Amino acid sequence: MNLKKWILSGIFAFILYLVFLSITDAGFTANFIAYICLFVIAGQGWNLLGGYIGEISFGHAVFFGIGAYTVGLPVGYGLDINLLLLVFCGAIVAGLFALIISYPLLRVQGFPFLVGTYGLGIVVKSIVVVSPALFATRGIFLKSYDKEILYPLIVAITIAVIIFVKWLVEQDIGLKFKAVRDVPVAARMIGINIYKTKATALVISAVLTGLAGGLFALYGSFVNPSACFGENTSIFILLGPYIGGIGTVLGSLFGSTIVIILQELARSLIKVNGGHYMLMGLLLITVMMVSKEGIYPGLVKLMGKVKKAGAKRE
Amino acid sequence: MAPILEVKDLKKSFGGLEVFSGINISIEENQIYGIIGTNGAGKTTLFNIICGVLRPDCGSVLYKGVDITAKETHQIAAMGIGRCFQTVMPFKSMTPYENARVARAAAGKLNQDRQKFSLEEIMEITNLQDKMNIRTQELSLPDKKNVEIARALACNPEVILFDEVSCGLSGEEIYSRMELMRNLAKLGITVVVVEHIMLFIKEICDQVSVLHSGKVICSGTPKEVAEDEGVIEAYLGGKSNENFRS
Amino acid sequence: MELTGLIQTIFGGIGVGSIYALLGLAFALVFGRLKICSYMHGDLAILAAYMGFFLFNTLGVDPFLSLIVLLPIFFFLGYYIQTIFMKPFMSMEVWQGRYQAQIMVTWGIGMCIMAAEFMIWSGTYRIISVPYRNTTLAFANITIPIVHILSVASLVVIYTVLNYVLKKTDLGISFRACSVDRVTAMLTGINYQRICAIAFGISSSIAVVAGTFYALTNQITPAIGLELTFKGWVAVIIGGMGSLGGVILAGLLVGLVESLTSYFWIPALKEAVLFVGLLILLITRPGGLFKSR
C-alpha cells in the first residue's frame, strides 16, 4: 500500500522534472539538481550504515571514489566500454571492497570505527596520489556524456534508490539493522548475527555510495583524488543525513539537499575565506542543540506537539 | 526422560570473586523451573552463561544433550532458547509488532517447525494488540515487559528464560504473567524463572533450585524446598519461614 | 652515517610524537574517565598556535610567555563550551547516541573555529619564527632541536601533575567518583556538571600546549586541526581507550611511525602507513596496544 504511494509519487516527481528540464534546456538549474541528486544517493547509502546501524563512517569517500575510478580508469587506459555499464560495475566493486574491508573494520564499534574509517579514507587517498598507475594527482578526463540523457537518468536513479532504501528498511533485514542499533545484546539474544548484519549494511551502503561516485564521474567528466577521495566528500556525504535526520529516509533526503544548497550558496554569496565552513559549523551546532535527532524528526515532533495542543484547545 | 537443559559442574569467577563453585541443575521438559537466591547469588550470571553472553571458567551447559557452552549467543537463540531481561531492553525505535517480527525473522526462521503462535497471536497473548503500532519507547514499563515476552516468544523457543519478570509490576500484572507461564508450559514450552518473590515461585513452579554462595543448596518441589533446613538457614537467616508459608 | 641518520630520525619521531601524546592526553582525560567525546581539540590547538603567532608577530611576545595568558583563556573557553554546548548530552547514555551527538557538536564548533581562522589569518601557511626555532643540541653527530626536548619535558611534567591531581587532591577524587558512576557521584553531593566542565577546561589547556609546540616545529594552516584531532584519537585508541600512560606511549609511537616512514619510504605515505598500522591493530588487538585493567 505504502510502497505504491511511494512509487506513484516518485513517478510524479520524475515527470515534473522532465517537464522542468524541457523548459530550462539542461541549463544551470538542471545541472545543480543533478549534483544534489548525487549526494542524495550517497547520503542514503551512508544513512543505511550511520543511521540504521548506528556506526558513523567518516570515510565514505572511499566507496564514492572507487565508484568514480572504476568508471575513469578504463577510459584513462583507452578502453572503450559502455560508461553506464561501468557505473554499475563501480557500484559492485565498491561493494566488494566494503565486503573485504568489513572484516577488520567491523571488529570495532562506535568511536574506533569512526577513526578507522577516516584512516581508511586517508590510506586509499594516499595510495591513489602516489601511484602513477592510477594517474596520481593528474586525474582522468572523460568525454562528456550527453547531458539530456544523463540528468534525467541521475534523477531517475535517485528516486529509485530512495524507494529502494525505504522498501529495504521496512523489510526484515531493515528491522534487524534497527535491532542491532537499539540493543545489541538483545539482538544477539533473538538470534541475530551482529557481524553479518552490520556487514550487510556496510556492503549495501558502499554499493549505493559507489553508484553515486560512478555517476559523479559521468557528471563531472573528470575524476581526481581530491574530488573523489577527499575528506570533504566524506564530510558532505555524512553531514546531509546527520543534519536532516539520522535514521530516516526522508530526513536524510532533506538533509543532503539542504547541505548542498547551503554550501553552494555560501560559496557564491559569502566572499570571506572559510565562510561556508562557518555556515556548516553553525548549522550543525544549531541542529544538534535544538533537536538531537536532526531537522526532520524534530519537525515531526513539533507537528505532533502542535496537533496535541490544538486538540486540547478544542 | 532426558533433561532439556542441563548445567554441569559450572564454575565462574569475576576477578577474585567466585560466583559459582560448581553448580549442577537439570531441567526437564515442559516444566516450570524456578531458580531463587539472595541478591548477588548469581542468578542473572547463570542466565548469561546459558545464553552464551558470558563464558564459564569450567563446566558445561547442555541443551537437548548438545554442548552449547562454546556457541555464540545468536546460535543459541536459534536453537530455541528465548530470554527476557530483568532490566527491560526492547528495541525502542520499533513498534511491539516489529519487535516480534524481527525476532521471528532472525531466530524463528531457523526453527519454524516449532512455531506455536503466529505474530498476531503473540500480540494477543501478551495483551499488546491495541498498542501494536506505537513506538515501544512511548510504552509503560509493564507494556515494555510484555514486548520482551512477545519478542522471546517470536523466536519459537522451546525453553524460555524469565529474569525477574515480576520486578516493578503490580500484583494483578504478576498474576496475569503467572497465568501466561502456565499456558506456555501447557503448550510444551519449558519455562525457567528467576524470582525474588516466594509466592510467585511457590505458586507456579514444578521444581525449584536454591542458589546460595555459589552452590545449589537445595533442589526439589517448592514444598520440599520450603521445608529444607539449609534453605531456611540461608535465605531467612535461620529465623522462621513465615514468608514461605504465607 | 646510516646509523646516525636512523637515531636522528628516532629522536625526531619522539619529538613529534610528544605533541600527539599531549593531544591524546587531552582526549583521554575527558573520554576515558567522563565519557565525553571531543572532536575539537585539534582545532583548539591550532587556534592557540595562531594566537601565539599573533602575539609574537604584533607584540613580540615569546610563545612560551604567551602560554601564561593562553592557558587560563583556553581553560575558561573549554569550561564554557562544556557548560553551554555539551551539557544537554551529558545525561544521555552511550547507547542513546551520546557519543554521536557529542562528536557532531564538537565537530561543528571545531568547524567554526577553523572558519574563523580562515577569515582572520587566511589559509596561507604561517610560521612562528622565534630565534631558537632552529637551535639544536648536539651529542656526537646527533642533533636534537631544543623545541623537541622542551615538548617531551612538558609532556612528562603535565603527566606527573595530572597524576598527582587525580590521585591526591579533592578535585581528583571527585573526578574519579564521577568517572565511576555519574548518578552516585551526584547523590554524594558532587556537582557533576562542574567537574566535567573543569576537566574539559583542563584538557583544552593541554591542547594549547600541544598547539604551541606544533606551531614551533611546523607550519600552521587552519585545515590541520581535524588532522591533529584524528592523530590524537589514534593515540587514544592505540593506547587502550583512556589510560593516560598508555596514551603517552601510543602518541610517541605514532610520531615514530611517521618519521620512520618518511625516512625509509615516501613521506607522502606516512599517514597511510599509520592508519594501515591502526587497521592491523584493530584486527589483532581491538582493545588497544597498552590496555589497562
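Points worth noting:
All chains are identified by letter, namely A, B and C, in their written order; residue positions are counted from 1 within each chain.
The criterion applied here is as follows: a contact is a pair of C-beta atoms (placed from the backbone, for glycine too) under 8 Å apart; a residue touches a chain by one contact, two chains touch by 3 or more.
Computed from a prediction, not measured in an experiment: that's the story for all the values here.
The chains that touch both chain A and chain B are none; no such chain exists.
Compared with chain C, the chain whose C-alpha mean position is the greatest distance off is B. Taking the mean of each chain's C-alpha atoms, the chain closest to the overall C-alpha centroid is A. Centroids of chain A and chain B (each the mean of its C-alpha atoms) stand 43 Å apart. Our note on geometry: chain B versus chain C, Cα centroid distance of 48 Å, whole angstroms.
Distance between chain centres (mean CA atoms), chain A to chain C: 31 Å. Multi-chain contact residues of chain A, defined as those touching 2 or more other chains: 182-183. Chain B meets chain A in the complex at residues 51, 53, 72-75, 77-78, 82-83, 85, 89-94, 98, 101-103, 105-108, 110, 151-152, 154-155.
Within the complex formed with chain A, the chain C residues making contact are 37, 85, 88-89, 94-95, 97, 99-101, 103-105, 107-119, 122-123, 222, 226, 230, 233-234, 237, 241, 266, 268-269, 271-272, 274-276, 278-280, 282-283, 286. Residues of chain A touching chain C in their complex: 54, 56, 103-105, 107-108, 110-112, 114-116, 118-120, 122-123, 126-127, 129-130, 182-183, 231, 242, 246, 272-278, 280-285, 288-289, 292.
Within the complex formed with chain B, the chain A residues making contact are 172-173, 175-176, 178-179, 181-183, 185-194, 247.
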